[in-house]
């Protein structure tokens, strides 16, 4: 088994720019997070895009779908912004690929104190390893089906239903 | 579903004592790690013991087994030292409890730079949520059966077989 | 000797708000930074304001001046945003108080990976302890006089002259 | 002015070895700490030795003295283990070099959560910049003369007298 991990940006990968004082995208933190996790399962990393999920257009979601379609690996983790994670999950879910696709993200960037990113990445890697083919959302230590999840923005959590 | 998370000590929970310069056990880092992970699945935490797994006696393993037996929750994560994690997994595996038990640990303590602990905890929580009843070892982003795993101490990783 | 440390906000104290994805002000990190530094010199902490230094008005600088004037302690560290740190230093410098006042800040927030904040706080505490009365800017491991310093925004550093 | 920073080991620079579970010495963290601090004052770094200060022999202290003697820079920070920091300060102090020498260390290693190392390094750099020639100990946000300081091991702090 080989895991494919696809970065699309989102809070997980935001970093602080000292010159502008803004949170921006640079090199993805995911490869160093995986090295730190000492994972021995073979993996492929793909830095597909680096955008805030509020800025995602249909064309971006089609790019993500195309990346899943062309992936030789059948177990895929997608790191995505949480705000429109559900919308991307829907596009992927409706495509009914014969692959296990797990979307995850973070509420606090990997490089910021008390981030949930590393936990979520670990949780998502296990979900991609263990779940049946289909599209799943892994957040808050829960696995949700793509068509039965929503983000509660006031609480900052994902909920079923 | 409710997750039970049992701390037994091990590298995961070691912390630095400024007065002695030694790595020691104090309050477990696991509850704060779970809070940081923003998990919404209900969980119970049990600080069963806090010892180095090289110091574990049969009596300690029997205590861990008893904790699993009396657990009302059927999905259990045990945070354990890596050196004798396999031996404890064997005691639990032979007991054939009708529960999903996942043992994990860390190669670098949670409170030390570049620790794998948070990733492993996330991975193990997903494995405990998704695996069938039985005893599993979750390390290095892999799930191993209790009777088909060993620690390669030279490389610092777990391997199948 | 007692050190007075006055928080005014700035990059040093910005923290990430998971719900809005913005860097905002909450409780100052300075008291916990000082505890972590294990300092034994007596100190007083004053959370005077919590604003971005680009938002500082003359009235804010007058508040900071008033805080220095009423301070019983004659050795004062002010943690300030870097963008208008020089302007505040000028207001304080022209007042010619018989006190040692050291302004410092950070290019990366204390709570973000690879922050310079803790180093700067240590450097500024030493400068406040050792410098003669007057107003000084302590950044980039240098001590500048209030009337001979400017921020090079392109490079993100303070320079003399 | 150029700062010379000399590493000798000590708690400051200890790092965790995942294979042995011990705190050991590897590459010094000081150059990356200085880069992170965004310091613009010119500096020279010298990795003189990497030992626990409890293991320091007279010959080691003579090596440190020789390094100070041959240093072209007259402002020197020495990062040292805290347990015998005072003894080394005494050897240096009695040599009466016409240089400003500041010894510092850490109670918690740089790479461990809640370390005082970065604060101490900042404090010591300022002390080396600002103090008159002589040998000083900078710990706990205080500057002590070499012949008027001792470590209170029970409390884990340095005290005057």
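Some notes on this structure:
All chains are identified by letter, namely A, B, C and D, in their written order; residue positions are counted from 1 within each chain.
The definition used in the following text is that a contact is a pair of C-beta atoms (placed from the backbone, for glycine too) under 8 Å apart; a residue touches a chain by one contact, two chains touch by 3 or more.
Computed from a predicted model, the values in this text were never measured in an experiment.
Chain centres here are Cα averages; for chain A and chain D they lie 44 Å apart. Look at where the CA atoms of chain B average out and do the same for chain D: the two points lie 38 Å apart.
Separating the CA-averaged centres of chain A and chain B is a span of 26 Å. Each of the following residues of chain D touches two or more other chains: 18, 38, 107, 114, 156. If the chains shown are joined wherever they touch, the resulting network closes on itself as one ring, and no chain has more or fewer than two partners. Here the chains touching each other pair up as A-B, A-C, B-D, C-D.
Residue ranges of chain D in contact with chain B, taken from their complex: 11, 16, 18-19, 21, 23, 107-109, 111-114, 153-154, 156.
Residues 3, 33-34, 36-41, 43, 107, 114-116, 118-127, 129-131, 138, 140-143, 156-159 of chain D are the ones that touch chain C when the two sit in their complex.
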